[in-house]
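What follows is a pair of complexes built around chain A, which joins chain B in one and chain C in the other.
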Partner chain A sequence: MSSMTPAAGGDVTRTVARGTGTPLAGYLFRLRALIVLAILVFIFTALSPAFLTPGNLTILVKHVAINAILAVGMTLVILSGGIDLSVGSIAGLAGIVAGGLIHSGLALPSFGVKVYFHTWLVIALALLVGAAAGAANGLLVSRLRVAPFIATLGSMYVARGAAMLMSNGATFANLSGSVELGNTGFLTLGSGQVLGLPLPIWLMLAVALSGVFLAERTPFGRRVYAIGGNERAAELSGVRVARNKFFVYVISGFCAALVGLIIAAQLGAAHPATGETFELNAIAAVVLGGTSLMGGRGSVGGTITGAFVIGVLADGLILLGVSEFWQIVIKGLVIVVAVILDQMQQRYALKAAAALRG
Partner chain B sequence: MNFRTLVAALAAASVIVMAGCGTRESSGKKLIAIITPSNDNPFFKAEAETAAAEARKLGYETSVNSHDDDAHKQDQLVDAAIAHGAVAIILDNAGADSSVTAVSKAKAAGIPSFLIDREINAKGVAAAQIVSNNYQGATIGAQEFVRLMGEKGDYVELVGRESDTNAGIRTRGFHDVLDKYDGLRLASRQSANWSQAEAYQKVETIIQGNRNIKGVIAGNDTMALGASAALKNAGLEKVIVVGFDGSPDAIASILSGGIKATVLQPAATIARLAVEQAHKFLTAGSTGMPEKQAIDCELVTPVNAGQFGLFGRK
Partner chain C sequence: MRGEFVLEARNVSKQYPGTLALDGVTFRLRPGTVTGLIGENGAGKSTLVKILAGIERPTSGTLNLDGKEFAMDSVRDADAHGIGIIHQELNLCPNLSVAENIFLGRELTAKGVLNKRRQETEVRELLARLEHPIDPRARAGDLPLGQQQIVEIAKALARNVRILMMDEPTSALSATEIPILFRIIGDLRARGVAIVYISHRLDELLAVADYVSVLRDGRMVAEAAASHVDTGWIVERMTGRAAEPAAALEACDPGPPLLRLERLWLNAPGGRPLLGGVSLDLRGGEVLGIYGLMGAGRTELLECIMGLHREAAGSVYLDSKRLDRMDTAGRIASGLAMVPEDRQASGIVQSLPVLANMTLSSLGRYARAAWLSPTLEAAAASGMAANLRIKSPGLRHSISALSGGNQQKVVMAKCLLTNPRVLLLDEPTRGVDVGAKQEIHAVVRRLAASGMGVILASSELEEIRATADRVLVMSRGKVTAEMPAAQARDEALVSAASAGVRQ
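Moving on to the complex of A and B:
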């Protein structure tokens, strides 16, 4: 498929949906994540009176926000033909950096003092650490040509180990800060509200909209699709592959750090093991949303829908009191079914494209 | 930015991480190998550090390693202990069934194992199995929960990782007490896999469907603290939360009016006992104690919280 339309792999299905005589099936395939979501919402509303209430929906979206923010960064990485296994560890590391700076400040042994930063600066530093970890991934993948799976697997361990080292394995508890040190207010990031909605929801909106804008409306986004579709072709048509790949990982690291901060702020505590297996949830959301793991095809919007499918499933099953074991099984089944549908869509799109050429 | 320096820094960082995984000082002394689950949990950290300190006090050299709850890694660490000529192994094992082989292997090599915190499903293989009495702990935690609830109302139970033996023993202990009271209703029972973040999210969702929740009883302290944060955020500070473990964070929370009670597992005492018995075994040929020993847990409440330190009385 990528050899057919090297630089615009993402557009094949769209053309097909518009251009064939029977577009309905094509649309249904494209909207499959939304359809699954609607079915889940319907089922849970019928089974639990508490499900479709403003209170529960707010909590649900707040839970989805964690995975969705990670998954937006992950989408860009996967669209470029890579993968980022380090996001969960980076989230943990960023949380520990923020927690440590608020809890015990930055010790400067040569001066014998401890420096405490203002909350905004703490947040900025933690995000910077996340972006820097992403940059390390980016350099490994783009300049040193390490396979993304291996590069980010390595940084997954390094980031987790670094978080453990920084806190010596302990939890930084009570992150409310103190007025004298001027570092209060960190918890607002997790529990604050704007216009009646929790702050994490607004952050997810901001990240999602930026992601959609980046992917769909900027030259950078087009280049990411092109690289994922056919890296060699993109390079030959003048795309600076290494540079664009690099930024994709930086964005993913930044998103991961944001998630780490939100979790630490919600709990009022930073734990170095936070975020274990988050990368798998993020990848699941991306795949559910119809993005191809081979790169070049998919969308940020689809990923958000995928994150909602996973979130609705998780919270709905908890409301119904379904046991943990069944929750895991059902989540796995939904992912497998989504991938089967994805394969069916690809075959359908290929056939329709062949029919178009006559 | 120069990517070579970054690569060098990354390489240096990974070396530091690897070096941190195992620490061993060499000298002419006899070696005691201490193997525990991941030290990101203060409980296991306290256990490992107390055992190491006690062993050094008795004149041993120590190696401290973590098997991260991976039976295969545990097996390799036991192999390493045998190869390094350890005279005894202090082990908080990676699974009741999957650890039997590793402990037998050590025994076959003439090295006695002293199991702490978790049992194995075999007798006569380890020189001692010293565990805290999880069942007794769960019953005293549940009794305090009943008292705080006034014997009636809806409650939520957060269970630990369901594949973990202790999660099962604790929930059994809870229910053997709680189920006797008709006024108490179990509104929801979920596993939060010992995790604070998971407990936070699950409790947030559970209270959406059950607005009359009066109490939360959790299988460990991190889940209790996650529940407490979620309830506080939802304006439900009055909900009674009881945990299990007696972690320093939980004791701090009890002292500041957060969670109401926890059950302290005497991890430090157990680690010390294990090293003492290892020393006795090595010098006198026997521990002088039965293989299985259960040490009672203690209830921690706002009244007595000030008396407790790191998994033991101060």
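Moving on to the complex of A and C:
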């Protein structure tokens, strides 16, 4: 939480922990995800000449973007003490909604017509569907007090089933739209470039920056941290717990829908199975980034680093020709080691605090 | 002599770092009798009970069982000697059945397999003996509290106890359940069980005990047969001062009340009333002390004022504005703030730094457009930290780096940063060192002097006396006495607090 920087005068800003080992060690320990990332980049650069090339890096970051956008929403949910298992399904649903609207329009049987929307409206509707699915999660968790794991497990199935129903299990192929219907341009979302960088990367940057500011610089973000840290204390402090939890899930659903749109645009097709197991990758990025699954501790910045660690690892291992099966094993090991390190840091921090208390 | 006492603690002392909790206490139990153990908070009752139950070992002195010296290393040892204890908080697993609870840790098995049927049969017999045919297969958590208490007793009896210690056994019971407990105690006594009965409710204690033993400041100051004494005698021994009748209430100055409560009612989930129609007025600039024992309803009263119990009935007015439909956040915005009793569970957020803990209730004040301004936030927090003399290694440090007293000041700072009109303090100095305690008391006086209304709930007489202008005493969810603090004698407060308000 380096961003909570009170620049107050006098002795309140002294932050050096006396008698608790070297402050540097603690500092490096907190930046471990970033250090691991640097080491990975170094190793892969040394081992494969193809790694540190603009072409490879662009592909890598485009892959990371998908997971990172999901993981930003997931971070807020996990900071609040919850979990969102439905993001992969919501991504699939949003993709199908957009694909269906572009491909076959909205049939209005009572009028016997099909309505085709402008591309911008299609995107807005798909994002709205994602946010609405998140709102449903939010209501279940905050008002009906269903455990987040169960509530989002349920909506994971419901959203996936809904996507299958809407397309009858089929893929909406060819989403380029047609000029006479005025719904072209959807594919730009996946393949467009601004200043030489693919649009999905810009979208990731936008989501990541918004996420960091939301978490670190707004009353809402602070309240989310407080709810995850101690829900009762937050409530007694006048935090409207239910309302804030609700919005956390809405944001997560919105991020998921954005991912669904990006994937559909990149593929030029919407498939109802898109996004399966994405929720697990997102959770892995969050955990690698040092956010506690218990809630209350962590950061969006860490999550972005975590998403990059996962992406770099996958990309580098492919370049090195490591078998796909080994890649999976290695990814699993990295996550477990990350959590062990996290526990160690917790203990370290507790000890440091105890030493300060004297 | 030998054989007269089943359990004897001779000249037992217990030294904790910094305090001598027990100082040469001799305590004897006769079989088939009930001995009431009495003393103020901190007098050493619980330490003595812990030693008798094998939870703690004495620093010096000996324990005799049936006239022979013995030592216990653990609760299991005590169990083997037939010594059982029923704690103030019930220790049942709510998810397990009555029978499973009673046989917890010593399950009946046949060839390694749990013999549920035999357990249930035995429990059914046992409960029948207690005249409480509770279904052995019922989930413990589904039973009303009184029946849970009986299951606790059955659990002790199933271990064939000869010595049973009961710590505030009626604090969770309703008025109708208490006579049942007393009948069971009578039954146990008839069967030769020696019972130690701890309670703050003196009339209740005199009704059930054969002997009373009074502890004060770690020493046994008096022992007597219960039939020879009355509550006045006990209060004198407990406080070391002669009992005096409660002083009449002085006419209060007639300023309009800042906070008014009208007939607040709150029921526990089982239907037992936690608050039974509490009304009170608080004026600006006044510190109202609320004295009461554990379970008297002090915490519930403050929580109701803050809107934490939506099911409560009655009205709360702040400056004649009715707050009943507001949630906690709304009430804080209207000018109420509360420092809760349990700092760790409800006061602080461990994972946040000192700064964020201080500003949590008033975040809206530091926002420019949608963004928090770190400068505004830090300025407000460091100003308040200086004001309350919070000692911290830095506001960005984890709150867990602060001592209990400073953590408590952070919680107060959080409340004060909302600019409250009325501040509610629930045991504000529990677990706080003496220096910080005095500082907190001084802050309370200072706030009142500035026109704030303060309600301070405490189970410490010293604290009430040090801070309050006026004292309300609560017992069993009702106000049992009201007096100006200057005229509040310990004896009057203690006896009002232990008054069993029967329906």
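In the analysis below, the second predicted complex is superposed on the first by the 337 of 358 C-alpha atoms of A that agree within 3 Å, B and C clash if a C-alpha of one lies under 4 Å from a C-alpha of the other, contacts with A are read in each partner's own complex, and residues count from 1 in each chain.
Keep this in mind: a residue touches a chain if its C-beta (ideal position, glycine included) is under 8 Å from a C-beta of that chain, and two chains touch if they have at least 3 such contacts.
Every value quoted in this text rests on a predicted model; they were computed, and no experiment measured them.
Asks: With the two structures laid over each other on chain A, which partner does A:266 touch: chain B (first), chain C (second), both, or neither?
Replies: A:266 sits against chain B, while chain C stays out of touch.
Asks: For A:80, using the defined touch cut-off, is the partner it touches chain B, chain C, both, or neither? Pick first, second, both or neither.
Replies: Touch status of A:80: no partner.
Asks: Contacts for A:297 in the overlay, against chain B (first) and chain C (second): which applies, first, second, both or neither?
Replies: A:297: touches chain C, not chain B.
Asks: Thinking of the overlay built on chain A, is A:191 touched by chain B (first), by chain C (second), by both, or by neither?
Replies: After superposing on A, A:191 lies in contact with chain B but is clear of chain C.
Asks: So, A:183: does it touch chain B (first), chain C (second), both, or neither?
Replies: Touch partners of A:183: none, neither chain B nor chain C.
Asks: Applying the touch criterion given at the start, work out whether A:353 contacts chain B, chain C, both or neither, answering first, second, both or neither.
Replies: The second partner, chain C, only.
Asks: Tell me the contact category for A:164 with respect to chain B and chain C: first, second, both or neither.
Replies: A:164: touches chain B, not chain C.
Asks: Give me the intersection of chain A's contacts with chain B and its contacts with chain C, in residue numbers.
Replies: none
Asks: Chain C touches which residues of chain A in the complex?
Replies: Per the stated touch rule, the residues are 1, 3-15, 17-18, 213, 217-219, 222-223, 225-226, 228-230, 232-240, 292, 296-297, 349-350, 352-354, 356-358.
Asks: Can you check the complex and tell me which residues of chain C touch chain A?
Replies: Chain C residues touching chain A: 306, 308, 327-329, 331-333, 338, 340, 345-353, 355-356, 359-361, 363-364, 366-367, 370-372, 374-375, 377-379, 381-382, 385, 392-398, 400-403, 414, 418.
Asks: Residues of chain A touching chain B in their complex?
Replies: The touching residues are 48, 50-51, 53, 55-56, 59-60, 62-63, 135-136, 139-140, 143-144, 154-155, 157-158, 161-162, 164-165, 169-171, 173-174, 190-191, 263, 266-269, 271-274, 315, 318-319, 321, 323-325.
Asks: Which part of chain B faces chain A closely enough to touch in the complex?
Replies: Against chain A, chain B makes touches at 1, 3, 6-7, 10, 13-14, 16-17, 20, 38-42, 45, 159, 162, 188-191, 193, 196-197, 200-202, 204-206, 208-210, 222, 225-226, 229, 233, 249, 252.
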